[in-house]
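What follows is a single structure, written as C-alpha cells, with notes after it.
Each chain gets a letter, A, B, C and D, in the order it is written, and its residues are counted from 1.
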Amino acid sequence: MAFMTLREAVADTVRDGCSIAFEGFTHLIPHAAAHEVMRQGMSDLTLIRMTPDIVYDQFVGLGRVKKMIFSYAGNPGVGLLRRVRDAAENSWPKPIEIEEHSHAAMANAYEAGAAGLPCAMFRGYLGAGLKEVNPNIKSVICPFTGEDLAAVPALKPDVTFIHAQRADRAGNVLLEGIVGIQKEAVLAARKAVVTVEEIVDDLSAHPNMTVLPHWTVHAVCKVPGGAHPSYVHGMYDRDNAAYLEWDKIAADRQAFADWMEEHVMRASSDDFAKRIKGLERAAS
Amino acid sequence: MSDFTPDEMMTIAASRALTNDDVCFVGIGAPSAACNVARLTHSPDITLIYESGTIGTAPDVLPLSIGDGELCETALTTVSVPEMFRYWLQGGRITIGFLGAAQLDRFGNINTTVIGDYASPKTRLPGGGGAPEIASSSQQVYMTCKQSRRAFVQTVDFYTSFGHGDGGDHRQRLGITTKGPTLLITDMAVWQPDEETKEFTVHSLHPGVTREQMRDSVGWDIRYADEVVETEPPSAEELTVLRELKARTKAAHERSSRSGSRSQSDG
Amino acid sequence: MAFMTLREAVADTVRDGCSIAFEGFTHLIPHAAAHEVMRQGMSDLTLIRMTPDIVYDQFVGLGRVKKMIFSYAGNPGVGLLRRVRDAAENSWPKPIEIEEHSHAAMANAYEAGAAGLPCAMFRGYLGAGLKEVNPNIKSVICPFTGEDLAAVPALKPDVTFIHAQRADRAGNVLLEGIVGIQKEAVLAARKAVVTVEEIVDDLSAHPNMTVLPHWTVHAVCKVPGGAHPSYVHGMYDRDNAAYLEWDKIAADRQAFADWMEEHVMRASSDDFAKRIKGLERAAS
Amino acid sequence: MSDFTPDEMMTIAASRALTNDDVCFVGIGAPSAACNVARLTHSPDITLIYESGTIGTAPDVLPLSIGDGELCETALTTVSVPEMFRYWLQGGRITIGFLGAAQLDRFGNINTTVIGDYASPKTRLPGGGGAPEIASSSQQVYMTCKQSRRAFVQTVDFYTSFGHGDGGDHRQRLGITTKGPTLLITDMAVWQPDEETKEFTVHSLHPGVTREQMRDSVGWDIRYADEVVETEPPSAEELTVLRELKARTKAAHERSSRSGSRSQSDG
C-alpha cells in the first residue's frame, strides 16, 4: 500500500486494454476515480460491474469500452442508460461487446475471485435466456445429488477501484453501510485502488466491521466527495437531481460531449469536494 | 372513500397480498410501494429485503434505488451482496419475491433485457439484475405491472426470468422446485395462474374496469375465472397511508437534492 | 421464534437419532445447551462440529453418540480428548463412527448448507490422507479451467445450538467478537436454538454486525453464563482452569462418570450463572 | 548473553525466519510463540492471522487456543471462519503458513491424525484442523517441532497435511502450485529442503548440539548441507522478549482462571 494522489494511482495501475471494476452498489460509487481514468485517456477497456450506471454510460459514450461484463445496466431510480443503449443499438460511438449475467452470478463470480477459485458454482439461471447467449455460463454436476448447478468463471479484474469512508495512516480501509460487493471486488483484483473521504489516526472499528488490511490494497487516495453523485453512509447524501439530469444529458450525443468536456475533461478530482456542498450530513 | 387512480388501486391491491409472516425480496418501483404500504397498514412485522443487502428494512420514504441509505439506516442488519444472494435468496428463506416487468406473457415469464433480437436489439433494457434467481429461488413470486399491449405480449422477446415457461409442469421439468409466479396485480385486475395450465387468469377486476378495456391492454386472449369479482376499492386508511408515503418520498428526494444552480456550476 | 426455557427448547427440537451441531470456535460454545441435551437423555446422535472439545468428549463418554462429523477433536490449549480417544481406540463405552474433514471443508460445507446448495466446492485435500478414508470427499472439475476441485456434501444439521451475547424482545440475535461458523450453522439447520446472556430492548447494533433475524431461529433461551467454561466477548473470560481440569477428569472412566453425575445430571442450566462468578468483565 | 534452553533457541530461531512483510497463518503452540517474538522484536508490522478469523492480531500474551478473546480484541478485524478459509487462505494471501506437528518425515509431510491404523488407531490424535489447506494454499510453509524419534519418523502413519510427498516434484504432479515446506526449525537445528530431492537437510546446528544427538533424535539417516553452521545463539533482547512474553502469558492465564475452590463447587 502507498498513499498516492488519484492521478498517480491511475497512472500507476491502468493500461489500455485492461479490465477494471469500479464497484459500488448505489452507495460508495467511485465516480472520482472513474473520471480520472477518463481524463488520462486509457481505452479499449473491459469494464466489470454488477450495476453499471452513469459512470459506465460515460465510459461507453466516450468510446473507451471494448467489453462490458454486468448484470444490470440502468440509471437507478430513473431508467435506462442512454449512451449504453446508443452503443448497443446503434454501435455509436462504436460497438461494445457484452457479457451479461444475473446479479447472483456476478456476486458469486466476484466471491470466487476473492476466494482464489477458477469458477463459482450456484443454483441459478434456471430457465433463463442468458444461458443461451452467454457462453461463459456453464454447469457442474453435484457429485452427491446429481443436481445440475450453474457455473461461471471467477471475476479477477486487473484493477478494482472502490470508494470508502476512511483509511487509517497505515492504509487500512473501513467501509460502512451498504458494503455491496466491494470487499470481494478488491480481493479478487490484481491491484486495488481505494479513494477515501478522510484519513484518520484510528479507524475505531468494531472487530466485526468491514475492514480491508493495507496489504490488500495497492494505493489509497484521499478524495473528499469522491463518490458524488452517489452517497457515503454517515457523511453525505445521494444527489438525486444529478441522476435525473443525467437522463437528459445522455439523451443527446452533443449534450453528452459538451458535458463530459466541461465536467470531466477540464475538471480534476479536487472538484468533487465542492460537489457535495449542501449534501453533507451532520456527524452522528 | 375518496377517488383513487388505477396506479393507487394497483399498489393497494398488491399490498393486500402480503402478510406479517412474509419475508419479501422487494424489486424496485411498484413492488417497493406495495410492500411498504403493507408494512404501514396490516403487516407491521413483515420482513422487507432489498438486494443491496438490507434485511428487515423499514424506510420512512420510498427508496429511489435498491441501495438508498434510508434502507440501511432502518434495517435490522445489512449484509454483503454475495451473502444476500447465497444465504438469503438461494438459501430458500424468501417467501415472496416481488417483481416488476417491462414485458411479460400469460405464463408469467418476464423480459427486462431487450426488445427485439438479443445481438442487435431494438431497445436495450437494463437487464435482469437479481430477477432470474428471485424468480427461481423465492418460494413464490408476485408480480406487479401496468397493463398495456406493449408490456403484456403473446411471447416475450427474451426470458429474463422464468415464470411458468410454456405452462403446465414446465418448471418442474427444469428442476425448479419453487412455485413461481402465483399472483399478478395490475392497474386493472388481479390475476392468478390456472392450477393446471398455469396461464394467468383474471380473478378480479378493479372498480370500473371493463372487459373491453382489458382486451385493449393485453396482447393475448384473456382467460377469466368462472367467478370474477370486483376488487375491493382502496379504504380511506390505505389511500391515506399510500399518499402520505408518496408525499414524504417526494419531499425527501427534493430535499436531498441540491438546488438547480448546481447544474451550472459542476453538473 | 419463541422464547422458551432451555428445557422446553431441547424437548421441542431434539430427538433420538437426530443430527446436532453445537457450534462455537473456542468462543461462545453452547455448554449449557449441550448439558441440557445430555440431561434429557437423547441418544444415537450425529454430532457435527469443527472443533469438538469438552462438550463432545462428554457426549461420547456418555455413549450418546452414533457418529461424529468434525475437523479437529482436541481440548484447546491442553491436548487430546480422552473420552473421544477411549471410544476411538477402545470402543468404550461404545464404538463411534467418524466422518473427518479439514477445517476448510467443514467451513465450506456449513456455508453450502446456509446457501441452500447440495455441496461445497473448494481447493483442498491436495495430497491429504483424509481423501482416502472419507468417502464424502469427492471432486468436481471446473468447466472453464479443467482444475480438479474438492467437493463435500453440504452440512444441514437437524438442530443447531449456539450461544450469543444477546437477543432483543423480538428474538433477533446479536453475536460479537469471534463469530466463527455460527451464522452458517444456524442458517444451515432445520431448526436453530440460541441461548443468550441477556434479552434487551434494543440490540443497538451497527448495520454491518452479525445479527440473526428472529425468523431464522426456532427458540431463544436466556441462559446467563451458558457458554462456561468457554467465554463471551465483552462479558466474561474463558475459565482456563476448567479446561486443564477436564484433562484429569476425562482421563479416568470413573472420575468422568462421577463428575458428569454431579455437574451435569444433577445440575440445571440455572447453575451456569454461578459458574462465571469471578470471570466477569467490567462493561466496556 | 545468558543461558538458554533448547526450547527457547527453537522459538527464537523460528522467529528470525519471519519478516515485516509476512502475512502469517499461525498454528497454535510453538508457531504462535515464534510469530509473536518476531512481532515484538524485528518485525513489528508482521500480519498474524489465526484460523478463528482474527486478522492482524497483536496479543499481549500468548493465546491458549486459536480463538482466545485477546486475539480478537487486538486484531485489525475479525472475520467469519468460512471467509477466513475462502478469501484469506485459499485466496493465496498467506505468505507463511506456520505449522507444528505430532509426527513428520524427511519430506515435511505431517501427521496429527492417528498413530497406527486410521480405522483402529493406536493413538487417536486431534486431526488436521486447518493444516491440510494451510499446507497447500500458503505460499510457503514453515514448521517447528521438537526432535524425537517418536516425532521424526521414516514414514508418517497418516498424511494429515502434504509436504513434499515422496520428494522431488511430487507437489507439482498433484497440481499444487505453492512451495510447501521450506523451513523446519527444531530445538536442535535448522533444516531446509534440498532443491532437487526436497529432503529436509540440516543447515545449522544450535549451539552445543552434536551430530550424535541429532542421530538419536531422528528416525532417518540425516542429510547435512555441505556447509553446516552454528545457529546464532539468542541475543539478550530476544531472550528478554520471549521470557517476558511467557511470564505475561502465565500470569494472565492464572488471573483469568478462578481459584481452586471452583472445582469443588461446580467443576
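Going forward, contacts are C-beta pairs under 8 Å (C-beta built on N, C-alpha and C of every residue); 3 or more make two chains touch, one makes a residue touch a chain.
Nothing here was measured: the structure is a model prediction, and the numbers come from that model.
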List every chain that touches both chain A and chain B. C
I'd like to verify one number: the distance from the centre of chain B to the centre of chain C, where each centre is the average of its C-alpha atoms, in whole angstrom. 41
Whole-Å distance, C-alpha centre of chain C to that of chain D, is 27
Residues of chain C that touch two or more other chains: which are they? 111, 115-117, 122-123, 147, 177, 179, 183-184, 207-210
Hey, what residues on chain D touch two or more of the other chains? 72-73, 78, 86, 90, 137
What are the touching chain pairs in this one? A-B, A-C, A-D, B-C, C-D
Per the touch rule above, chain D residues touching chain C in the complex are 28, 51-54, 63-69, 71-73, 78, 80-82, 84-86, 89-90, 113, 118-133, 135-137, 158-162, 165, 170-171, 174-176, 253, 256-260, 262-263, 265-267
So in the complex, which bits of chain A are touching chain B? 25-27, 50-51, 70-74, 76-77, 80-81, 84-85, 88-89, 100, 102-104, 107-108, 110-111, 122-130, 133, 147-148, 177-181, 183-184, 210, 231, 233, 237-245, 249, 259, 262-263, 267, 271, 274-275, 277-279
Chain A partner, complex, touching residues on chain D are 21, 23, 47, 55-56, 72-73, 75-78, 86-87, 90-93, 137
Using the touch definition up top, name the residues of chain A that touch chain C in the complex. 115-119, 121-123, 136, 138-145, 147, 149, 151, 153, 176-177, 179, 206-210
Which chain C residues qualify as touching chain B in the complex? 111, 114-117, 172, 183-184, 187, 205, 207-211, 213, 215-216
